[in-house]
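Here the chain labels run A, B, C, D and E in written order, and each chain numbers its own residues starting at 1.
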Amino acid sequence: MNSFFSAFFAWLPNVQLAHFLIVSAVLFSLGLYGIMTRRNAILVLMGVELVLNAANINFIAFSRYGGANLDGQAAAVFVIILAAAEAAVALAIVLNIYHRFQTVNVDEISNLKE
Amino acid sequence: MSQELLLNLSIVILVLPLVGFTLMIFFGKRLPRQGDWLETSIIATALILAVTVLYQKMMLYPHETLALNFTWVDFHDVPGIGPMKIVLGFGIDNLAAIMLVVVTLISTLVHFFSIGYMQGDIRYSRYFAYLGIFSFSMLMIVLADNLFMLYVGWELVGLSSYLLIGHWYEKQSASNAAMKAFIVNRVGDIGFFIGIMILFANFHTFNLQEIFEAIHSGRIPFNSESWLTAAGILIFCGAIGKSAQFPLHVWLPDAMEGPTPVSALIHAATMVAAGVYLVARTFPMMTADALMLIAYIGAITAFISATIAIAQNDIKKVLAYSTISQLGYMVMGLGVGAYTAGFFHLVTHAMFKAGLFLGSGSVIHGMHHALHHQHDHHTDPQDIRNMGGLKSKMPVTYWTFLIYTLAISGVPLTSGFMSKDSILAGTLAFGSLTGQYLIPIIGFFVAGLTAFYMFRLVILTFYGEHKDAHRAEHLHESPKIMTVPLMILAALSFFIFYSSNPLDAANGWISKALERPESVVPASVAAASTEVFEEEHHHAHNTAMMLSLLVAGIGIAIAFAMYHWKKISADKIAETFSGPHKFLLNKWGFDDLYMGVVVNGTLAMTNMWKWFDNTIIDGAVNGAGSITKVTSFVSGKFDSIVIDGLVNLSAYLSGFSGLVLRKFQTGKVQTYIVFVVFSVMAFYFAFRLL
Amino acid sequence: MQLFDIVFYVFAFITLFSAFVVVFSRNIIYSAFSLLFTFFGVAGLYALLQADFLAVTQILIYVGGILVLLLFGVMLTNKVISVDIKTGTLQTIPAMIIVAVVAGSLSGLFYSTWKEVPTPASTVLKTTTRSIGEMLMTTYLLPFEIASVILLVALIGAAMISRREGKV
Amino acid sequence: MSEQILKDLHLFYPEITLTITFCAAIITDLIFRRTSIVVSSVVMIGLVITGILVLGQSGVQASIFDNMIAVDPFAYFFKMLIIITAILIVVFSLGSSELNSAGRKLGEYYSLLVALTLGMVLMAGASNLLMMYLALELSSIASYILSGYTREAPDSSEASLKYVIYGALSSGLMLYGISIIYGLTGSLDIYAINQVLAQGNYNTIALLIAGVLAMAGFGYKISAVPFHFWTPDVYEGAPITITAFLSVASKAGGFAMMIRFFKVTFIDSNAVSVPVGVWASLKGFEWYHLVAVIAVLTMTFGNLVAIWQNNLKRLLAYSSIAHAGYMLTGLVVLSNEGLAAIMLYFVVYLFMNLGAFYIVMLIANQTGSEDIEDYKGLGPRAPFITVALAIFLVSLTGLPPTAGFIGKLYLFAALLNHGWIWLAVIGALNSVISLYYYVRIFRNMYLRPSEQQQVTPLNFTMLQKVTVLVMLVPTILLGLYFGPLVQLAQASVKIFGTP
Amino acid sequence: MQLMGIGVLTWLTFLPVLGMVLVLLIPKDQKDAIRWSSLIVTLIQLLLSIGIFMKFDRGMAGINSEAGMQFVEKATWIDIKSIAWFGRIHIDYFVGIDGLSVTMVILTALISAVAILSAWNIEKSVKGYFALFLLLDAGMMGVFVSLDFFLFYIFWEVMLLPMYFLIGIWGGARREYAAIKFFLYTLFGSVLMLLAMIALYFSVNVYIDANGVIYSVTEAMKHGLDGLEKMYTFNMLAMMDPGNYVPGSLLAGAHTSMRYLAYVALFIGFAIKIPCFPFHTWLPDAHVEAPTAISVILAGVLLKMGTYGLLRISFPIFPDAMVHYSWMLALLGVISMVYGALVAMAQTDFKKLIAYSSISHMGVVTLGMASMNTQGITGAVFQMFNHGTITAMLFLIVGVIYDRAHTRGLNEFGGLMNQMPKYSGIMVVAFFAALGLPGLSGFISEAFALLGSFQTFRVLTMIAAVTIVITAGYMLWTLQRVFLGQLPEKWKGLTDMNTREAIMLWPLALIVIFLGIYPSPILDMMNTSLNALAGILDQARHATTMMGMN
């Protein structure tokens, strides 16, 4: 175990692909956490954005370290575009919900259930 | 007459009553006099033909068995067996020919008697129709040369017995008795049927002659002598049921709920004798062990029912127990090997017992009329304690009745003396051959008892003063149509019709005709051979005659002493031995026993199964449901769903798990997401670990 | 520790810390503004990864577009009296556990799989904009067009949904 | 390059037509603001033309736009399926009082329907992970909007909110998975990915998590348990036409995409000694076990929960989940046979499921209720329609002589032929369970009297009856004479780039 | 035998479908027209079946040889050319009858006609009733004539839905429960059957030539493989030929666990229909709730489909498994007999009593066929026929009294013999036939079944013989409770059977009596076939003994 940690700490300062990936993983997890826990719909959407950003970091990191092909960057471009489109639609829906229910707390909008 | 003609004649005899039945059942009510003449003339014709057949058979073919066979079902080439046919047919040997006459004769007489006795009955034509179907089925038993048809006839007489016992079905007791008769008989039939199955499974034929030949050639069922014994005993089970042998004798006394002529015909002379006939038919295949058992069953039956008869007060019940007792005698006779004697007793007993029943019928008829005149509907016309002094009122009935009683008691010059004596001699022979002396002891004791209770009956019914003087005025002799049959039967109770020697039947035509057939079973399990047995039988003859005369005399004397001269008080004895008396009055408790154990047991069992079916199997769910119903979250919904159709436990479980699974659908999207991410991780770890 | 590494850690810290605030702050406005820093941090990481075009795009679209959209959303759905708009959280504990597991296993996986990947030769001087532009016109032409359709759909849809009802 | 693009373009005419239709619909909507009939006609014409153009692609095997989109019999099959569904949905929408009485104009509705169709059609052909993601998002975004279309109904709004959050998360998960795959293989092109994987040097664990994450995206689209949670709520809340569309076309697109993904990417294309028509799974990542587990969960869950439903839309939602489970089993067997069974099942499912939804809609139009209790005594009031519904339900149960039986027969046959006995048994038992809730519907229709005081017969227009017949006839006919159907399915298993 | 170019079996099967269409075309309120046209359809069906009875060649075996089948019709139904990865799919519309099915065909036609008569007084949605009834009729007939498993299965399932509705709509108080129970139970069994069928399909191959003629593997070897194509098949007859099994396939070989499994799956499917002991609980409910005509059909025909299926499919296709499991079949048969009889005795509902007696009587069938010899199987098949007629009578009898008294409580009646003499007469015949009185048909079949089974299972058969008494017990007890004794005051107004009721009951009674005396007309028809069937089993038994198994 000790050897694992010593290797790990020795590895830490030498930034390379995995460092970015781990940042991405943590960002992804934070995004998930936000989606799961925030009552406010807009905060939930923020969580979604975090998840997408995490994926993008992956794409770009892999693009950089994976033999310099730009597919990853291209993909990231599309992800950003889609994030914008999705955010627009989602916000419109949230506004609509607000008009209808006078709340944007996702957990309160649960008429459809078993 | 050619053999074919004889056979055809006998088939005509068989079919005639069936034709009568069919006509009567459909058109009986519309015929003049409701068709009694039709049925009666048909059966009378049958009688004439039967006598012809018997005569011709005796004259022309005294030792042959005439057979007429036809293929009933053809199984063609059966795998593993080869060609197989079920051949049925009729056979006439001396046994059958004699039975043919006995059955038709008594049937004819009973028909005539019934015309008088049943006058004005609401189902008069139905009654005659049933008599027709009975005659048909009984004749079928007689003529069958194979077990299958025998069984068919066997069941059909059961049916007709059921119908006739239940003739007055408005009476609960009558319909109960009918049912009891049928069901108790069926218990015996199970054995009979299993016996048939054993034989068929091995020999692939129902034909008795073929079965005997097969056994004779050394092929025995399942290669085991015990199976052969078992087959014999199981077939005898049929006889136990039909001939009311211990322990299935309980139905016969109850069967007295039927009209008295029916009792005479079916429950005294013919049907109940079918069991004896069956044993006689299958006699060659009985092993020594089987015969021993048969003998003991017969003896026990004879003894038990004779003792019960002593305590009975119903005229027909006394006769019923006497019938059982006499049947036990016959069975015992066959069992000990006295084939001829046993069957001979069947014939003689048929005459005098039919007579006794018809006589009692005449008495009841008279009593009934008298009571009817008095508008008395409470007094039991069958209870001998209400009778007495009928001798003068009904002379013909009395005299004929006395003759029958003498015959059954075994007084010399009567037919009963000869046959009974012969059986007793057989038992003595058996005793000396096998060392089983209990059987002759019972035999003689029962002979004494028989004489005693029969004379008790005669005395209480006909002697002394009538119990009710007013009623006595209305008592009349029965009409001619009823008394003539009585006289005929009385005549037939004399020795002369059976043998020229009143003391020994051995040389009579009937004994000549009925030679004991040789056993076909392997020698190691066979009973004493005919030769040996006849030797012993002959030796025992004189001893038996003496002893039987003695015990009969004693029995008669005690009867007169107790009931006529009142030297001994019957009541006092009853009081002194109140325990045994009650025991006898209670018929040894058999009815209670069966009611309590068998019938209630079965009913309890059926109810248990019903409960089991409704609760365990079917309601695995509905039951499980009731437990779960309590739990809160299932709530009232569950009930309706269960009733709506969760058919079994699995359905319940699936419904239940559906209910649980529903809980995942909370309506909160973030909860869903937790589930999703959780599942993703779960899959990931599950597959990593695998 | 080279400059590159230090810069990485700075950006990584900015990204993750602000993301942490986004997710955990009870104040919506705080969350929204933290998100701004997250996006900046991510853009920095992009730059470190020599994705200059994307770093710029990230700032333009995310900060200039999506974040503003979200802020509008916050404002429109709350009666804004002060900057102190609180919001609640739910099922934090199960979420925490699951997320910890996710983060742990993903990080572990990444660490073990890509621990030692040689850094390719740097292409710092050449910008990626042109290459990406070319790719969008050739290989990714179809996705590019489809993306435009998606934007159109989103446009129409968003307009339709948020339009005042009753007006045909 | 540009010549290639031009050459590829003519294999892309159907999609282009759809795009044009989409734009045309928007423009028409702007011109004819007062009535939506013009838009619907335009959409109808566009869809029909698209259908005809798709027909022209029969038998083509090609990959266009730098392997972005495959044009192959497999895609052809699903495209046809989706287009037919779309046409039927347009017909449904014309007669839906839910939509028409919503007080909103339907121009946008129809145009978005086209966009949704386009997304699904793209899903059927997408052969690049990015393209798959885009197609998924296109259809998702269109569906978010459409499921919230009747904004007046709170349920509808709620459905769309849940859908968008759930959908965004799911596509995010999938995207993350895609990014890992990209990292592992350095490519987004599924053929190239397969080339890399086929060499065998990959990290199985990373591949596993990528696969599971991708599965979350696909599972969401085909509503497979445990990624199905949005389905009941959205199906119940959304307008019934959209529900019907999602339950068939969306599922078809999702299935097409998933099958292509798994079959092209995660197959050991260098495997030797496999019989013709059978594939070998990638060593170290036996994903078909995952699919098998998901299939079992899906059908069992769908059926068990459906038992408790009282809203018919919701009931049908669960039933559609269960059906996805049956279909997934076809993928488990890793053979063309299973694939053909899935496709065959889809054709059958199209008719029976749409039929059921349509009749539920027709009845709701008149009675205003989708509650099972309100179906009491409906039988005598609307004999033809209820008999048709009964037949659709029987078909959904999978009883002969309806087409549903043939679908199940082929699935089970594929399973048994490849030794998946336990899976076949579970599938079969599930269809017994499913009977129970389907029967509840016709029990209420025929066995129970109406609770209303006045019982008036329901009237349906000839067009509606004809529409019902359009779905009813195949449902019965394909059950009795299924030869052509099987041939079609068998011919359509050819996926570009696979043997 | 052809009519208008179409084979008689097709006519028999699809005539009711035509009838159904006809009925659907008649306006709703013309109830008599609907009744009469239904009756005429079934009467034509009956006539056709009588024609079959006349023309049937008693010497042809059938069972596993196509040449031995009669009135065969074979036409290509589904034909899909083979492709690289999947062989030819060829399903024939293949119908034909042999000694095993001919009795069932006749029985179906007979009982259907009788049941239509008994449904005459249905007033609630007459049109729907008769339409569904005719569909049911077609389904039943189809099951008995199909020689292709696929076709068989389709007909098998086709009956479910009409049955569900017939019980569910026209039934008694708890009709919904009974109907769904019936439906679920049967479907449960049939999906297992479906799986077994598919497994069989992939295990059996035959060769087909360009003209669609099928060759078994052996024939093909003789013929030479030129121009022949190998394919899987649903043909039952091909499944019966061990030579056709693909080596290494799921069900190849003998005495393998897969074969046992498939056999058990099939068995459960059929046992539920019979219904055999642990699967029987749907029956009492279904019977009690079903309208008279449906009870008649249910008891008269439907139950036979289970035993027929065993004989037609399970026995010849899985003789090895049959030999292995025959004791189980026999045991279940005996349990059904005894248990059914005992539970029947405890019933107070007339119909329920007869329902349980059905279970008991069908146990005889099961036991008889478990014997695996000619007598036993003959007894079983004959019992199927007889139970069909006798139980149909019993249910009609209940129907008659229920129509009048609107109760089926046994304890509420009594003394009806005087009030309804004609009715009572027929009832006595039916009851005594049911309790196995010689001279009536039930006895012969029971006797043969027991005689046969005794050769294989001695002890079990002896236990089974106990039912002779129990049956007599509850039958007579019922007779007593209903007909004997005093007539309660409230039933003084009951009328005797009317002509329609007499017309439906008397033919059955006459058949029961006639076959009781002379069963050969029916036995001869089936004998050759059943010998062949027994031969197959016998061979399997020998093979098993040789292998030292069992």
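In this text, a contact is a pair of C-beta atoms (placed from the backbone, for glycine too) under 8 Å apart; a residue touches a chain by one contact, two chains touch by 3 or more.
Small disclaimer: the values here were computed from a predicted structure and weren't measured.
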item	value
From subunit B, the most remote chain by mean C-alpha position	C
Higher-contact pair (C-beta pairs counted), A-D versus C-D	A-D
Centroid spacing, where centroids are CA-atom means, of subunit D and subunit E in whole angstrom	42
Chain centre separation in whole Å, for subunit C relative to subunit A (CA means)	7
Interchain centroid distance [CA atoms averaged], subunit B/subunit C, Å	101
Intercentroid distance (Cα basis), subunit D paired with subunit B, Å	77
Residue list for subunit B, restricted to those that touch at least two other chains	644-645, 651, 662, 665, 667-670, 673-674, 677, 684
Interface hub residues of subunit C, defined as touching at least two other chains	90-91, 94-95, 98-99, 102, 105-106, 113-114, 139-140, 143, 147, 150, 153-154, 157-158, 161
Subunit E: positions in contact with at least two other chains	176, 180, 184
Interchain contacts, given as pairs of chains that touch	A-B, A-C, A-D, B-C, B-D, B-E, C-D, D-E
Residues of subunit A that touch subunit B when the two form their complex	32, 35-37, 44, 106-107, 110-114
Interfacial residue positions of subunit C with respect to subunit B in the complex	90-91, 94-95, 98-99, 101-102, 105
For the subunit A and subunit D complex, residues of the former touching the latter	21, 28, 31-32, 35, 41, 44-45, 48, 51-52, 54-56, 58-59, 61-62, 66-67, 69, 71-72, 74-75, 78-79, 82, 85-86, 89-90, 93-94, 96-97, 100-101, 106, 109-114
Contact set on subunit E toward subunit B in their complex	176-177, 180-181, 184-185, 278, 281-282, 284, 339, 342-347, 373-375, 378, 415, 417-418, 425, 432, 437-439, 443, 447, 450-451, 454-455, 461-462, 465-466, 468-470, 472-473, 476-477, 480, 483-486, 518-520, 523-524, 527-528, 531, 534-535, 537-539
Subunit C-facing residues of subunit B, complex	668, 670-671, 674, 677-678, 681, 684-685
